[in-house]
Every structure is written in structure tokens, then in C-alpha cells.
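The following blocks contain the structures, represented as C-alpha cells.
The same chain A turns up in both complexes below, where it pairs with chain B and then with chain C.
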Partner chain A sequence: MTATTSARIREVRRPGAANRRPGTPTALRWELRKLAAQARARYTLLGSLLAPVLLVLVLDGQQRPPKDNIYGRHIHDSGYAMPLLVLGFAAQWVFPLLTALVAGDIFASEDQHGTWKTVLTRSVSRTQIFWAKTVASVLFALSVLLLLAASTITASSLIVGRQSLVGLTGQLLPSHAALPLVLASWATAIAPLIGFTAVAVLLSVVSRNPAVGVVGPVVIGLVMQLAGSLGGLDAVRHLLLTTPFESWHGLLTEDRFSGPLIDGLLVSAGWTVVCLAVAYAVLRRRDITGG
Partner chain B sequence: MSDILAVNAVDVTKRYGALTAVDGISMAVAQGEVYGVLGPNGAGKTTFLRMLFGLIRPDGGTLQVLGRTWQRDGTRALDGVAGFLESPRFYPYLSGRVNLELLAGLDGGDAPTRIDRVLDTVDLTGRDRDKVGGYSFGMRQRLGVAAALLREPRLLVLDEPANGLDPAGIRDMRALVGQLAASGLTVLLSSHDMGEVEQICDNVTIMRTGTVVYHGTIATLREQAPEPAHRLSTSDDQSALALAAGRPGLTVLALDGALAVRGSLDAVDAYLSAVVRHGLALRALSLQEAPLQSLFFMLTETSPETVPGSLDRSPTGARP
Partner chain C sequence: MHPILKAALTGGLALAAAASLSGCGGTGVTRPRLESALAATFANLYVQQAGILGYSGVSVAQIAASAACDKGGPRVADAGPGADWICLVTFTDHKQGTHQGKFEVQAKSNACFVAGGPSKLVGLTTITDTHGNDVPNPVFEFDGCFDPRA
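Now for the complex of A and B:
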């Protein structure tokens, strides 16, 4: 230490400092800045931008399209088919994984780094930290979805073309009508994606383990897919968080139906509210000891 | 200084299942005071400080910090309070400066404008742009002090700040804490090292298994401390031991291949002179245990009957 340390301490502790208290937006900026500094978050966003381009190139070059998947047989016929094929595929495990990469880690990483006590001994409350992390997770998930959608639709339109699209009931959708429907189809993934974000947040808070927070939602999503494919479980199927990912089908039929869309919104909202409520209660009551 | 106590704990208790980690602790720290909380590992010091910071909730009693309580004031209870618990932790993938910028953002006000000055205070200016993951333990400790100073605290709480540091790091950290204390800040210093607290603190609470075993001034403690113990090695320890017989105020015991000599400096001097006059060579003489250290061990490790009876054990013994 230098001889002038005492003088500097007195200088640091000068009176009359401004006393504005930080709010949740401040905590959100804090979390977003941390997120921006994480290689994992940056690479996930970059991957969401570039991977669809590669996928479109590969699928477009294939002589045998994936006919078993919805819109798989039409990928060479219209540039709007490829985004719907990718949407159906991503719903199986890609969306849960991509959102969980951040949401599943965002609380548990504070335990991993032992930084809870560093953060919670400042001027922000647990409630503010909770909402800042949750909103940051949702923003990240929406960014990933936006990048995937934009990249897939743009790449497919440029590489395959903007031909008319065949609807799910065989009707022909002209290009100008197909694009809004494709965009709307991707938008239907927002609600269940937020639901999976909430699941990841819950696992992150409860387990305090980033691995559980990241892998857990993927496993839960796959189990739900499996349960949804079993016969005789229709009542349960409606309550699964994976079912709303299929609600866009109603947008591409001759007679459009919105029942699955509304059900999907309600189910996603239910999962989101329950998971976040439990996560919030656990975090509020937790004794910060080791971390 | 204000009449409001920096820390006012009354009968504070914390239990984890069947284990009572803190058992009815009372403590009063006046503003401007440099106060030590001493105890061996597991005494309940850190648990008490966690309650002070609101990280855990007491099961009983009341705890006021600068006149505020967590129950009534929420995070405002930490206004004017800063410090760290155990070793300070930061995001390893960010630089020291960015870590401070993030924390300053969470503090609000003009905390961000103080970053350069606090980095300078803890001598981290040249390393502030390095990632914390590459910092030594001592650098992280100093960054912890810098993070605390960002808040312009009236009460600085440091939990074993020299713990885990190398000798140079301990020297630097003690110098820094001493200078912070000299600047008029109220400092609450937790430690298991009597020597560390003795050098800096005015008053001290000594804890053992969740309870207070001593509460008072360092001066009182020093008065009650037993005589210092020395380790003596001679050319013939058996003869030297025989020479100690009957000497008033002196206790000499054979211990681990040497002699443990306990007594006043005058008694020890006279004894050593006698040993030399008897033709024995002195091969080694070292201070085995400082007086306050001896008393600390007596208070925290031995049965209550062995502790000097005049020591004030009441929690309010040092109340200003």
C-alpha cells in the first residue's frame, strides 16, 4: 500500500454523494451486460444466425427430401416450406435447448461462481434480481427465435425461391399470402418458448446446478414429446408444453382454426406462471450460505 | 458521530435443524469504532455476519444495522453498509474493472464515478483490465475491499480478510484495513486470528460454538492475559528442568523434545541467567504463544473454569 492511501480513502468517502436507488431496469442492464460478455451466449446467437443458412444449403442440395417430416416433401417446391420444416424440427428439442443455455444457467451460475452474496449485499433486492434474470432469459430466448426465423426464412427465400406454398389441406397459398403465414407460424412458438424458459429458470433456481438447468428442459421436452405421441393420453397431451409448438398447423389449413393456438397460449401461460411463482418463492426464502 | 449504533444485536439466534449456529448473541458496535469478532472456525461469526447482511434470516432476536432492520427496511437496511463474507467472489470471465462497473451499477447513485479511486486505493490500477479468473487470492481480496468502498460505507464489514493470504498479502491487507479504520470508518472485522484483531480493534467479541464468551476492550483482555509461553532448548534439558524447581511465578514443562517456559519476563530472565550460570548452553529460545493468543485459546477451547474470573463475559460489557 502506498503512503497516500489514507488520503485517497478520505477522498473516496467524500460526503454529498447522490443517493439514487437502482431499480429493476438497472438490474436488467447489469444482467444483460454479463450475458453479452459470455461466450456461450454470443456463440448461441451467432449459431442461430448461421446454422439455418447451412441447414438450408444442405437440405436444398439433397436429392431425397425428408418426406417423413411435415413440409419435408415440399422443400424443393417453395422457399416457404423450409422454414416450416425447420420450425417443426426445432420444436422437438432445439428450442428447449437454446433457451435453456441461458435460462438454465442464469441463476445457477451465481451459485457456481459463489457470487450471490456479492450481488445481494448491494442495493438491489432479490425480487429485482429475480425479475432482471427472468426478463433477460426471455429476451435471450426471443432473440434466438427471431434470429432463427429471420435467418431461415431469408436463406430459404434466397436459395430456393419465393414460390407459392401448398397448405396443409392441399390448397395453394400464393407467395404474398404464404410469407405472413410462415411468420405467424414462427410467432406461435413464442408462448411455449417462454414456457420452456420458465421451466429452465425453475430448474436453475432449485437445482443450483447449471448442468441440470440446461439439460433438464431438453429432457423434459423429449419426455413430453414421447408422452404426446402415446395413444390414450389426449387429456394429458393438451397440458403438455410441447403441444403448443404444433398450434401453427391451424394457420395453414383451408379453414383456419384457432383452438390449438388459444389452448397453447393458455397452457404456456400456465406453465410459465407456475414455474416462475415456484422459482420466485424458492429464491426469496433461500438462505444464502455457501454462495 | 451519531448516537445510532452501527450494529445493535439483541439475543440473535439462528438454527439449522438441531444445530444452533448462533445462540442468543448480543452485540453493540458504536459508529467510528473498530470492532473485532473473534472465534475459531464454526464459532458462528460468519453466520452472524450473514444475518447482518440479510442473506439469512435470524430465528430469534433483533438485529439493527445503522438503525435499520431487514424486516422493516428491506434492502435499505444495507444503506451505508458494505463488505464481504468469507472470500469475496466475482465473475471470473470479466475483468476487475468490469466487475466493479457492474456492482457500481447495482449500487446506483454516483458509485460508477468512484471506480478509478477505489482501484487506486487497493493498488489494483495496473491489473484492473485483467480477468478476475487470473487474479491471485490476495488480489481478489483487495478487489473485494474496492467493491465495498464503492458504496461509500459508514460501516465496513470484513470477514477474515487476511484468510488464505501469503505473508506479504497478510501484511498488505492488514495495512489496508488499518488505514481504513484510521480514516474514521466503522469497521467490523471478523477473524480467527487474535494477532490480527489485537493490532486494529478497540473492542472485541469472542465467540465459541455460537455463544459469546467474552465481550470487552482489547485493553482489558490484555490485562487478563496469562504470562507468555516460550520454547526453550538447552544442551541438557533435564538439568535445566531441575533448575526451575521452586522458582516463584515460573512454570517449566518438558514438551516435545524441548522445554515450555511460562512466566513473567522478569522470572524468565532470572531463570535463563541461572541456566547459563550452571554451565548449560542455550540453543534456542522462541516465543511459543503470545499472551492474548493464550487467552483466546483458553476462552475458546478450554472449560470456562480455567478462564480468568475477572473477565467480563456480558454481551454489554463494552457498550459505550
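Now for the complex of A and C:
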């Protein structure tokens, strides 16, 4: 390149913001655009919107309610019981799977397609790419949660009704008190969901394999469920990422308790920070030569 | 060091550190917590059952329910989750008669429980309300949760 052409390029670029290096928001916008174009992400969002309606219809038609799960026995009594049953069920493996569908793939797909070099030769740093992909995964997870909650609660209150709900101390919660509690219960899933997103990001970065990134968090979630259901492992139970998914129980008892909620927030934050830190360190130190 | 190894090591160390810090151990499912939660839940649901059956003047205070629980017989410590909890529930009915019944309680590690009482005391799965409809009996079998550290 001659001095004149490079000078001309510099001249063309100088005016306005186009001169600056693109920031993390630009990288994030691109990641979101890539997600929006991805069939898997679209279908997941669509499924989160439609599947709960179907589920509520099927459960409502059941003569024998699923009594093994909490609130299963009340699904015909109140439209607020079904969202809580679905919340308890989703925590078992649905939440880890839904977030991992994107977060477990978002780094590894660059390996799979051999596009790391292409992405990094653009004028964004690895740090910016890391945060753009991580934030995109978290936004996707939150969208899925929002859609699931809205769809389940709306479908259930329309199909079953808005009767008063039996609380977890047997007390009756009138409809106007039950709705905020159900919404708050769903909101408690945010923290552990972000935690599972971080686990999926870590697996995605480290394994460089989308299959591991997607299936890994589900398996980890199931193993944690199993460990948490055992007696005598209470110290371990507090540290599991699946325990915060049950912290909403404290909102629905007569004397509310928030200990598990606060612990859940701390534990989720811990998992998120550790997983993201390791993922970041691994990605920074990686020798990207192929692709 | 291989990145996977490093990641596993870091995560493991962090977990172990946190575990040793929190190391309080012990279970959240204890006899006093289960007894008070079971009695409170039973009382609330019994009031609802009385409402369905059309008995008047039944309140939580009037029932004065209490529970005495035991896990797995005298040789087993009365703490921890399990399906072998037996609780003796004592309460006063709407005619001021005192009743006692053994409830089978399945306590879970997440501080929730499922309790079922004897049919001759709490009635069958469904009961007939004042309009003659069969409705689920709220005290036949019920769920409850309690604060694992109250």
C-alpha cells in the first residue's frame, strides 16, 4: 500500500465516530444479529411462547394431577398453581437446557465453523468478543425466561382461572396476593439461570465443541439435582447451582423466609464469576491459529 | 497446563474453599421445624375443609393443632429428610372433641414435605361440599414447606 492510499484511507475514516475502534456494544449488536438469524434461537423463543400453552391445556385435561411435584395437586384448584408447578419442573432440566442451547454454542460454533480468525481480524479484541457473546447469551436466557413466565401465567389464568391459591403453609392466598408472589417466584430463577449460562459459556469455550456446551450444563444440572436430593449432603447442597431454583418456596409460606433466597443469589453470583473468569482466561490465552 | 484441567482445578478449588467456609453442615430438616410447620399447615387446611363442609366457627386458634414427630423409630435420630417420619397430630374439632391421628410425612431435603393423615380422621380423597359437589379434600394429603434455618 502506498503512502498516498493509506493517507487517503485515514482521511476518509477520520470524520465522525467511524474513526474509532468499534466498541463492545457494536460487537454485541453483531452477536445479537447472528442469534436472531439462527434457526435454533428462533425456535427456542417460539417454543418458550407456545409450549406452555400446550402444557397447560394438557395438564388441565388430566383427571389425575401430578401430585409428586409441588403444587401438582392444586392445578385444578387455582390458575396460579400451574405456573408454580411448571417453575418447579423447569428447574429440573429445562432451564439449563434452554440457556445452554445458545450459551453452550456461541463460542464453540466459531471453532466448529473455523471462524475465530475471521472474527478476530476485525478490529475488536478478544475481550470485546468475550463480553459481547456472554452478554448476548444472558440476554437470550432472560428472554426465554420472560417468555416462559408470561406464557405460562397468562395461559393458566385464562384456562384454569384466577382462584385463590393455597400457600405452602396451607394458608389461602387471594388472587390479588397470589399473582405478585407467582411473578416474584419466577423472578427468583433469574440468578441461577445466569449461573447456568456462565457454566454453558465455560464449557463452550473450554471444550470448543457445541455438543459439550449444550449437553454439559443439562448433565451438570441433573447431577446437582441428584446430589441435592440426598440427605446428609447439606453443606454441599447449599453450594449447588440448582438449590437457588427452589428458593421461591420461602415466598409462599405463611411466615416468609428469605435465607435461601439470599444464599441463592450469592451462590449463583459465585458460580457466574468463577465460570466466566475461567472462560475468559482460557479464551485470552488461547493460541488461535487455525480456521 | 491443559485448559480443561486448569478450569476444572480452579472451579474445584473455589468450590472446596466455599464448602470449607460454609462448613456448617447439619440438616435443615429438624424435628421442631417439621412439627411446627405440619401443625400450622394442617390447621390452615382443616379450616378450609370445615368451610367446604359447612361447619361454622372453626378457626386456626380454635383447632389448636400440635404435632409430635419421630423419624424411623427410637433408634434413628429425629433429623434429616426421609419418608419414614411419623407425626402424631392432636387437634380440637368443631364440636370441641379432641382428636389424635398418625400422619405419614415424607420430608425432603429442600425443607418441603408431603403429609397424609388417616382417612377415618381427615376423610377420604374427595369430600362433599354444602352444594352436594364432590371436591378434593384439602387435608387428605398435602404439601408444605418451612424455613430450613428458622
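One rule holds for everything that comes next: the second predicted complex is superposed on the first by the 272 of 291 C-alpha atoms of A that agree within 3 Å, B and C clash if a C-alpha of one lies under 4 Å from a C-alpha of the other, contacts with A are read in each partner's own complex, and residues count from 1 in each chain.
Here is the rule we go by: contacts are C-beta pairs under 8 Å (C-beta built on N, C-alpha and C of every residue); 3 or more make two chains touch, one makes a residue touch a chain.
Since the model is a prediction, treat every value here as computed from it, not as a measurement.
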### Task
For A:G232, decide between first (touching chain B), second (touching chain C), both and neither.
second
### Query
Which partner does A:G259 reach: the first (chain B), the second (chain C), both, or neither?
second
### Message
For A:H249 in the superposed arrangement: first (chain B), second (chain C), both or neither?
### Response
second
### Query
Is A:G270 contacted by the first partner chain B, the second partner chain C, both or neither?
second
### Query
If you stack the two complexes on chain A, which partner ends up touching A:V124: first (chain B), second (chain C), both, or neither?
first
### Message
Applying the document's definition of touch, where does A:I70 land relative to chain B and chain C: first, second, both, or neither?
### Response
second
#### Entry: Partner chain(s) touched by A:D60 [first = chain B, second = chain C, both, neither]
neither
### Which of chain B and chain C A:V206 touches, first, second, both or neither
second
## Note on the structure
Given the complex, residues on chain C that touch chain A span 3-4, 6-7, 10-11, 14-15, 18-19, 22-29, 37, 40-45, 48, 80-82, 108-112, 136, 138, 141-150
### chain B contact footprint on chain A (complex, rising order)
1-2, 5-6, 8-14, 17-22, 26-27, 29-30, 33-34, 37-39, 113-125, 287-289
### Task
In the complex, go through chain A and note every residue touching chain C.
67, 70-71, 73, 76-77, 166-172, 202, 206-207, 228-239, 243, 246, 249-250, 252-255, 257, 259-260, 270, 274-275, 277-279, 281-282, 285-286
## Note on the structure
Residue set of chain B touching chain A in the complex reads 50, 53-57, 74-75, 78-79, 81-86, 88-94, 98, 102-103, 105-111, 114, 117-118, 120-121, 123, 147, 149, 151-152, 172, 175-176, 179-180, 182-183, 185
